[in-house]
Amino acid sequence: MITYFKEIFYGLYTLCVGMKITFLHWFRPNVTVHYPRQSLKMTPRYRGHIDLTCDEATGKPKCVVCMACQRACPSGCIKLDGAKAEGAPRKSLTSYTLDFTACSLCGLCVESCSFDAIHFSKEYNLASRKKEDYKMDLLKRVLEKK
Amino acid sequence: MKILPLKSKFEAIAVRGTPAPVVGAEAGAPVPLVNETPHATKGIDLDVTVSAERVVEAVKILDEANWMLEAITGVDWLAERQFEVVYDFTHVDSGERVTVRVRISRDKPELPTISHIYGGANWHERETHDFFGIIFLGHPQLIPLLLPEDARFHPLRKDFTA
Amino acid sequence: MSSDMIMELVRLILYLVGFLAFALLNAAYLTLVERKVPSWFQLRPGPIEVGPWGLLQPVADGIKLLGKQILTPQGADLIMFKLAPVMVVVPGVLCLVTIPFSEMIVPRNFNLGLLMIFAFGAFGVFAILLGGWASNNKYSSIAAARVVAQNIAYEIPMLLVVISLVFVTRTFNLHTIVEQQMGGFWHWNVLNLKASIMMPIAFLIYFICMLAETNRAPFDMVEAESELVAGAFTEYSGMGFGLFFVAEYLNIMVGCCVGTILFLGGWDCPFGLLPGLHWFLIKMYVLCFAVIWVRWSFPRTQFYGLLNLSWKILIPFALVNLLLTAFMLKLFH
Amino acid sequence: MSIDAQSVLNETFVLNLGPQHPATHGVLRIKLTMDGEYIVDAEPVIGYGHRMHEKMGENRSYAKFLPNTGRIDYVAALFNGHGYVGAVERLAGITVPERAEYIRVITSELNRVASHLLWLGAFLVDLGGFTPLLYCFDDREQILDLLESVTGARLTFCYYRFGGVCNDIDDDFVAGTRSFITRLRSRMPMYDAFVTKNIIFRKRVEGIGLISAETCRKYGATGPVIRGSGVSYDVRKVEPYSVYLKFNFDIPSFTECDCMARYKVRIEEMVQSMRIIEQALDSLPAGPIMAEKVPRTLKLAKGDCYYNVESARGSFGVRVVSDGSENAYRLKLRSPCFSNMSLFRECSAGMLLPDALALLGSFDLVIPDIDR
């Protein structure tokens, strides 16, 4: 009989405690970010899709067309091509496409690059209705940016 | 050391079966059937090879000694026209691992089920049947588990092409 | 037709339009409160996009629900399936007819008001049973079976509490019940310890039973979204679904109104000053808030836990309360 | 026409729970044979999220499989990576620098806390309480922020490499982790009062879903499931890998065998994980984070090996069979959820539907981990 009453009162007490906890949370500030109006800054190591890095001095992509990224990519979504211009010391890039539909953002390509020629972009809100939009021409992108 | 008492029991049943080659061994070389292996480099403490008809016996030994079934899987040795079925057992107190290997012919991939001894073997055997087409005789419900119910292919066979 | 009758007719139409508007607006905005209150508890802003502070959200929800196709599952009992959402709203609205909001604002004041509310209140269960059964869906059928068992179990302690209260008030007339409690909070039935020292407990029992009767969490067996998908409402789409929700909030409102009238002195000011409509509304909305607060604080009870609570705790307490009230009335009056 | 009373009494119906059901957390389907609300037979139908990771492991080089590990059990992605790189390192004989092992332990344990926090919220949603989920997410986000600052991703971390880790941790991360531990420690009493002590929660989980230690052994159930059955089996203790031997921590186990025991195991594990992280941060050695001379394309010697780690859900094992080429000859992933789920059929018979869902929730299932 005593345990019967004890259980009821203890149960009621725990329920009151639960309600107190939710009530006290009322007075705490919101922790959410209201996305389209505010957004967070991506951390420096954030792995977005890749972008070509340009040489500060010449303004041209640093890529030497060694194909390491293409080989390292597990999904086979990087395709690049280069040609050696007359008199140039090394190959230069003629095309660099990233098939973002297949990319799994693993970052193995950036790691494989010995020339720091690709980096992660900080873009995270890519959206489109067309599949073709994700066949990214990174060379065109980097030239347009300038 | 939980594997010590098991060793002699396994040896007793292992020699009665037909010897089968172990992975990495040269063809024709004598192979110990009950092999103590270093845990640090293999992750396995006792490597037992038995024939298909002795597998239930071998598993019963482990069951009586309170070993836990970890996984059942297969390996397709296409060049040798064999399937290897691998049973992994671990002991919850010592963390030791016993691997029981069975080699069966690729042309007639059949061996008895152990699902009546270890309930968990039911799903593992179904999975192995899915992937390799190995038939576990006496299994209560050998239908595709992870593959679609109408799957007639076995993707982990080395000669499988999508 | 005499001028009296015309006056009566005009009065009725005015009340009807006024109360329907009030009831439905309330139901609509309680859905907003239902979304806003948990958002405050859960450290997030809740709906804020539609209108200032999200105030137009119920309108947007309503338009969305109206625009949706009404699907009827194969094998459903068509008539009952369509009838159930209507049947579930009507008793909620009808109950409001007899509720006195203040001294003057009472649509129809008649002697058996309390009885009528409980009669219609039980009717809503029937509608949910019909809807769940007619859906031809196993989840709905389970929910329909649950809701009947639950409501039978909770009707008993609720009525036992109300009967003990009627012992004290000696009337079913809600207007009279409020008038008996005028003059400050120490006159309210919830603190009417002279009638029965268990009155606060009786109020608690009433509140719990009201949660169960309106199928609110932690007793929301009828919806139980993590078990039964959406329970009895699984197959409803568009406004059919919307009507069930309107009914749910209407029922909460009726339950809170009755609680206010029976236990909290209706439109009486806690300090005996300035009685009026605003006090009634404040008390009612505080109760509504408590209902929502409870929902967002606890997990759902298990079905047998719910029945155990009713049969092993609430009914014994309600019976003791009934006996005690009868005994004390006999002793002191 | 007379109705056979017995046949009416024995009438059962099939309830199709899932593949899209709020309580199955993904694409799990359970074919329930019900007698009223009682479960007569529950047959899980899995494989809707099957991606054949094991075949992918055979088709690509060892390094290229690394991103896959984050997608097997995506809630505790680091453990899969740990199991995989551990197996390959064991077979290749790579020694990992100590600092890298410490970083692995710190990030893994953070991942374990994150996983358990998500489970806590999701379990309460299974039981019908929604608010704890949001509080858990609030805490979990802090961990994800920390891990994002190191690994670059919030969920599918692809962080461990053969021979080490790909990024070093910095002082900001260490300070952030310490302040997170302080924060979570101060939040634990709130969870205790809000969830553990709550009478409704206790009635829902105490004595519900009993699983005996013997059943766990037969089905190979590991992790909090077996520890909730009174067996303190934890790979970190019985088969120590990485640098777990250097840390002082307890393996919680409860003998009640019910959902509450599994719940308490996980809560206590979060506390123990925080202990491990603190110790690791205190004694974090300096040095390289990658082993030297790990070739870009690994070619392992012929042979096979097994490597086991304690994932948030149980023991995650990887068996690598190599034939000496660039790709694995066979890669077996032994996922804990697969074994844990397989005992559901035996344990749920005769239970009420909501209780069975509480049992299902207490397994902490991640369906892609079952399906692989």
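Going in written order, the chains are labelled A, B, C and D, and every chain counts its residues from 1.
We adopt the following convention: a contact is a pair of C-beta atoms (placed from the backbone, for glycine too) under 8 Å apart; a residue touches a chain by one contact, two chains touch by 3 or more.
Everything numeric in this text was worked out from a predicted model, so none of it was measured.
Taken together, subunit B and subunit C share the touching chains D. Farthest from subunit A in terms of Cα centroid separation is C.
By number of C-beta pairs in contact, chains B-D lead all other pairings.
Nearest to the overall CA centre, using the mean of each chain's CA atoms, is chain D. As a whole-number value, the distance joining the C-alpha centres of subunit B and subunit D reads 25 Å.
Work out the mean CA point of subunit A and of subunit C, and you get 50 Å between them. In this assembly, the C-alpha centroid of subunit A lies 42 Å from the C-alpha centroid of subunit B. The residues of subunit D that reach two or more other chains are 131, 135, 138, 198, 200, listed in rising order. For subunit C, residues that reach two or more other chains under the stated contact definition are 41-44, 296-298. Pairwise, the chains that make contact are A-C, A-D, B-D, C-D. Contacts from subunit D toward subunit A in the complex involve residues 60, 63-68, 70-71, 131, 135, 138, 141, 145, 148-153, 156, 158, 166-167, 190, 193-194, 197-200, 296.
Those residues of subunit D that touch subunit B in the shared complex are 46-47, 50, 52, 54-55, 58, 87, 90, 93, 215-222, 226, 231, 233, 235, 237-239, 302-308, 315, 317, 319, 321, 329-330, 332, 334, 338-339, 342-343, 346, 371-372. Subunit A contributes residues 8, 15, 18-19, 21-23, 25-26, 28-32, 34 to its touches with subunit C in the complex.
Residue ranges on subunit A touching subunit D, taken from their complex, read 10-12, 14-15, 17-18, 21-22, 25, 31, 43-47, 72-74, 104-108, 111-112, 120. For subunit D in complex with subunit C, the touching residues are 13, 15, 21-23, 37, 124-131, 134-135, 138, 198, 200-201, 203-204, 352-355, 357.
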